[in-house]
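Next up, some structures in structure tokens.
Here come two complexes built around subunit A, the first alongside subunit B, the second alongside subunit C.
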Partner chain A sequence: MILRNIKKRTIIVLVAIVLIFPLMLTGCWNNRDLTEMNIVVGIGLDRTEDGKVLLTVQIVEPASVQSVPSGKDNKGNAQSKAVFVVSHEGETVFEAVRGILSTIDKKMFLSSSRVLIFGERLLQGDLEEVLDFFHRDHEMDYGMDILAAKDTTPREILAMETDMDSIPAVYIRETIENTVARGTVKKTTLVELIKDLESGTRQLTIGKITKASEKEVRTEGVAVLKDGKLVGWLDPYETRGYLFAIGKVQSAIVNVPTDNGKISIEIIRTNGKVGVVFENGEPSTLTIKVEIEANVGEYAGKGKLKSQDDLHVLEETLKEEIKKEIMMALEKTQKEYSSDIFGFGIYVRKYHAKYWKKVKKNWNDIFSKLPVDIQVDAKIMRTGIIKSTMSGDE
Partner chain B sequence: MVKTQISKIQLFMLLLGFLFGSTVIMTPTVGAKNDGWLAILVGGAAGILLMGVYSAIALLNPSKTLVDILMERLGKVAGNILAVLYIWYFIHLASLVFRDFGEFICTVTFPETPMIVVIGLFAVVLLYAVNSGIEVLGRLSELLVPIIPIVIFIIGLSLISVHDFTAFLPILENGITPVLKAALSFLTFPFGETVAFLMVFPHLNKKEKLKKVVFLSAGIIILAGTVIFFRDISVLGSDLMARATFIPHLTSLLIPGLNVEPLVDINLLIGGGIKISVCIYAASKALCQIVGIDDYRTMTGAITTFCVVLSIWVHESTLDLFSWSEKVWPYYSIPFQIVIPLLLLLLSLRRSKSSNKKEKSLKG
Partner chain C sequence: MYKRSRKGSKTENRNTSNDNTYTDTYGPIPKSVEDVNARLSEIFSDCTDFIQREISCGKNGLIRILVAYFDGFIDKRVLNQDVVHPILDFFSNTELNESRSIYCRLKECVVVNNDIKEAYDMQQAVDGIISGEALLFIDGDDKALVIGVKSPQGRQVEEPDTETSIRGAREGFVENLLTNTTLIRKRIKNPNLKMEMMHIGKQTQTEVCICYIKGIANEEIVREVRERLKKIKIDAVLESGVIEQFISDSRLSLFPTVGSTEKCDKLAAKLLEGRIAIFCDGTPYVLTVPYLFIESIQATDDYYDHAYFATFMRLLRIIALLVSNILPGMYVALVSFHQTVIPFNLMITLASSRHGIPFSPFSEAVLMIVAFEFLREAGVRMPRPIGQALSIVGAIVLGEASVAAGIASNLMVIIVAITAVCSFIVPPLIRATMLLRFVFLAAANFLGFLGIALSAVVVIIHLCRLRSFGVPYMAPFSPLTVSDLKDSILVVPIWAMVTRPRVLRQENARSTRGTKRQEVKAKH
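Showing the complex of A and B:
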């Protein structure tokens, strides 16, 4: 009898414990539902004139994204915007992030942010100061794209309404992704920025974003930084030269002039490497080696590609063309900006560690004075599904 | 008391889990920066030797625990004092691992959850495991430890596209001193900590396999450590690596388009859990042997509670924990991990020689 009673009691206790456990398994302490968060898709950072941090966030309204364009939302009102944009000032980034809560309703969820846009004024100051928060906070997505706004402010870009995508930040990110096919803007992620910022072996570059029209942005070119401060910009062709040199071009169209017309060559595979030649313990020349595989994409003119020799001639001109682009980028960074964005410093640090320790502080000056040797190896593989132009046959 | 036994595979997995322990999130060789791999190799080689010493002690004193050996070799008074110190050391070690675990979870996963809750809940589970006996721990690790290398493999593979394979250059940028310091760190954490296994070795059913098991597990840890190091440095680069709080966690964040962060948490749960369990087991068992209690389970509850409290008290913040485990821990551990075991080995060798002689003279 007693035994049975005890058994019963233990069973009741066990059941009670089992029932209590689910309470602990519901998730983390500060569990928040999706409906209690503001989902941030884009962040803009700038400085105000009196040196404060100006934070702009683009927050997505999930209910409006789902509904059909130009429809009505579930309350019967006219279509509300899919995103809204809010700005706030603060002494530090984190203060601004929290301070923004005085104007918006729910706490912000930053992990979903796709792009981070820096304003020109902010870049002219010290980037390190504002980047620390993004590095330290555990909610940040290290793969977030970084952009530098030229001739406009981050707020203007984030507040832009586009027809391409209901969420502008997603649209901006997609245009950067397209660089895979054109190689005119550098895709910079947060982690790359953090990696290079303090090492001093490679100066930073950040993809450039400008306003193309009222409803469109343009991502082309890069901002060149030196020791965390903006020193200038590269145009799309210089950017491509720069990307060729560091091996970041995946595909691109290069125009090559010929005797009778122009040929557009599609680069399909490239590989670039930088190095430094040392003589007697001192650097003597910078070297850039680029390997290219390409196809003929378009022949705008009256000509014919008859034999292997024609292709060899074409290869030579292609090499020259690419060399020119690399040279443009290099000369500008050497002469105007004196900023080693190519990462020659990385090479020196890795293979000439002792010398690097000596010159770490003024490497950029040394870099600016070194001559360069560019070697391009181009191979044209195919000419597409036709051999000659339509009027090319005599 | 029923004689409990574990198989060689179970011991192997226990050792492996113990060695992975918090090493999977805290990188003891971080002080050596680019040359961490050298530190791993040097420290690992020394670690194998050290673990060889432990297994030799266990083989020379078959079916005796650390406490028995201490008593027998050093006499009652000194043996008791040292045994109490060892108990303190195991408790301290367990509470440190608790703290590592708590700091990690509170930094990266649940920043607003009080650490005491994280550690406390973990402790309840581990207490249950320890109370179930060393056999259960063995079977548990047999089941769970293989997950750790699989996770390391998955993370390494998914990062293959962002690797920079020459990132570990230049070699010996800052000279040999930081490498040796880091090697010492790696020797004491995790290899030297396996001194706690002197309480577990007597349970092995096939004694002759002990050395093989020990060396194999140490070898695998060195291999895994090297792989993890090259993975981390080729993804993060040396500067970012030196700045990160939890290096493998940061690495796992960088996998493009995939979030495998919880996998690192799982690794820590398994490795850290086994490490803490073994430490608590060793401490309770030793304490019971000193005061003459038959069943070690009477002590586990008290010791676990003490560990949890100690883990909260012992350090003020993450930075304190890190600088302490990097600067003080190696030296603090040396007597427990190296000096006393070497002394025991010498004494055991002498005793066994003299007993051999005695036997011979008796036979003669």
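Showing the complex of A and C:
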């Protein structure tokens, strides 16, 4: 009987302890209403001329985003702006984040941010310094897109109004998705950036954003960084070559010249791999292997894809075309920027660890001097539902 | 059987209660009809509906018979036809034979009615009269005849309002106990269908009937039911809900451990599964024990329809049960703690719908849910014809005006509406859900998702601890009874449901946690 009672009591106490302990583990103790926060949708970071951090945030005004008749809109006011943009300077990012609170009404909620845009001047300095805050803060959304602004400032881009979407940051993010589908911009998320920066084996690239017009932005190309500092840019074609090499192209349109005109080929599946060939314990050649599956999308001109042979010829030209693009990207990064954005370093670290330890510091120099062997394997899968062009000569 | 159990319960009643005048013994039945008349008039003084009639018949009116009954309780036409008329006929035509007493003759060959019992003392006679039977006292005999001529009164058998089904029998129970037992007898034509009568309630002497199928129902559970019913000491049993509260295993639990139904086919099915029914006179709600959690999501339609649909419906009900419990809590937790996990577009929608609401999400939710509960309760209580007015007020005030006035966000209205709809999908748990919803809400407001998880843990532990007449409440899930899973969330076709629920027939059905331990100890 006594034994039973003790046992029962012990169980109750144990259960109580188990239930009480988690109370101390709460990370998010604060009960904070959605209406008591400023929802940040875009963050811009730049440096002022005197080296301070300039933080710009784009904040949503939820009531004016949706035209849902909720009855509490200011009557008479036609359409208030959906977002407002605030900037603040600070010695560090965190100081700026807190400093902004002196000019806005509610606490900022950063994890809803869609994009993080770095200014050119900031990128020329050390990126690692400012990234620390985004890494350390528990409220950050690691999936937010990172962009580098060229010929403009983050503030300018965030302050732009657009007709496409009531929230400019959402518009920017969506253009990135589109451009990624064209293979001309690299989508970089915060977590990828942090990973690459910490591993130190692959140099960073960040998608490029420019102003296309007063109300439009363009996201094409990438910024090339070396050891966290901006060294240059790649144009859309070079970017595509770079993405082919690392297998990041989802789809793309490649134009191939033929005798009778031009053929646009739609790349539907690619696979890219980089490697390094070693001879006598020293790297001798860089290798890039790309496999491509494609469809014929358009034949502009006169001509006909009559036989298997025609397709083989087409495949060969496509290979050359892609090889050319990869070459362009590689040459620029080797010769001009001397920055291993392809991640040959990852391969070396993985398979030749001892050698890597020796050359870790000056791998970029070694990379710049190595010859390259590019192998492209292209397959044309389909040619569409017609055989000849409309003006095809028979 | 019937008589024995009745007697048994009565003697017990008599022994245990001294404070009540009714149960005092009235002594033997006087031999003289005049004395009986006087005695009855004394007992039933001021009862204007009490009727006594003296019949004098035979030569010179020598044979005197007293008929006593309550007006309206019995069928007068039957009484006259079957009892009074034959008596008058018989004694006016027949020579009086002294060899057999008039009493024996009346009992054996005069009274036409089949339902005849004997009363040996005044107590039994009075019991007979108050339970609606006609009493026949014969001058010179200290026994009386109890003649069952109860008139069939009350509601017609009709479709129950509270439990409707698309397919299945439309018959529902009524207030009359005998009608109810007949409805079951009609469905289960089997001598093993046992009905044990007993009387509960010191003042009301309500007839209660334990019904089970011998050989299918677990004997130990039947015994347990009998014992628990005998232990009930209360003045009045006006509804089976009173019995339910007395015989529940854990009387403080929010969850029902005794089931109740109004549907005949449902009850028959439960009996055939090995459950025990408790009928109670005066109410159409029949109790079933043991009642398990899984029964709350079972419906009769499930077995009449194809198993695919039944399984889908079960899933739907489980989801509805979860939703009606935790949806408001989830919303509050999302909006006030875990904004990080809300997808971006939804977040903007949320924020814009919450914009300008003067209340915190928690108070907003409580406000709207309480308003809904007001409406619901009003709908139950108020007279039917006003119903329309209420639904209009409800729809406009809750749905439109509160949003337009900026008191509640339109999303909250949607959430409360979904919650309300879902809570009606699992009727047996409506009341438990109603309260648990607030528990989850408060926990969510205090600790977010963690709070919801913690309170869910508490609720689940409680559910797993519950027992209904010794049967684990969460069976077949906990303890896992694989063979019983055929009729849980998954419903297999009826031709594949070969075995009866195993949990209802387990060996040690009476076991509580204590007895199990004792067994273990005894082994060592």
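We adopt the following convention: the second predicted complex is superposed on the first by the 356 of 394 C-alpha atoms of A that agree within 3 Å, B and C clash if a C-alpha of one lies under 4 Å from a C-alpha of the other, contacts with A are read in each partner's own complex, and residues count from 1 in each chain.
Everything below uses one rule, namely that a residue touches a chain if its C-beta (ideal position, glycine included) is under 8 Å from a C-beta of that chain, and two chains touch if they have at least 3 such contacts.
Not measured: the values here are computed from a predicted model.
Shared-chain residue A:T35: touches subunit C; no touch with subunit B. One of subunit B and subunit C touches more residues of subunit A, and that partner is C.
Once chain A of one complex is fitted onto chain A of the other, the partner contacts of A:R114 are limited to subunit C, with no touch recorded for subunit B.
Of the two partner chains placed by the overlay, neither subunit B nor subunit C lies in contact with A:I17. In the superposition on chain A, A:I385 contacts neither subunit B nor subunit C.
Residue contacts after overlaying the shared chain place A:A63 against subunit C, while subunit B stays out of touching range.
Applying the stated contact rule after C-alpha superposition, one finds that A:I194 touches subunit B and leaves subunit C untouched.
Look at A:Y142: by the touch rule set out above, it reaches subunit B but stays clear of subunit C. When the two complexes are laid over each other on chain A, subunit A has residues 28, 30 in contact with both subunit B and subunit C. For subunit B in complex with subunit A, the touching residues are 107-114, 117, 121, 166, 169-170, 173, 236-240, 243, 253-254, 256-257.
Residues 24, 28-30, 138, 142-143, 191, 194-195, 198-199, 349-353, 356-357 of subunit A touch subunit B in their complex. Interface residues of subunit A facing subunit C in the complex, by the touch rule stated above, are 4, 15, 19, 22-23, 25-26, 28, 30-35, 37, 39, 41, 60, 62-63, 65-66, 68, 70-72, 109, 111-112, 114, 139, 141, 167, 170. Subunit C makes touch with subunit A in their complex at residues 335-340, 344, 347-357, 360-361, 403-406, 409-410, 445-448, 450, 454, 457-458, 461, 514, 517.
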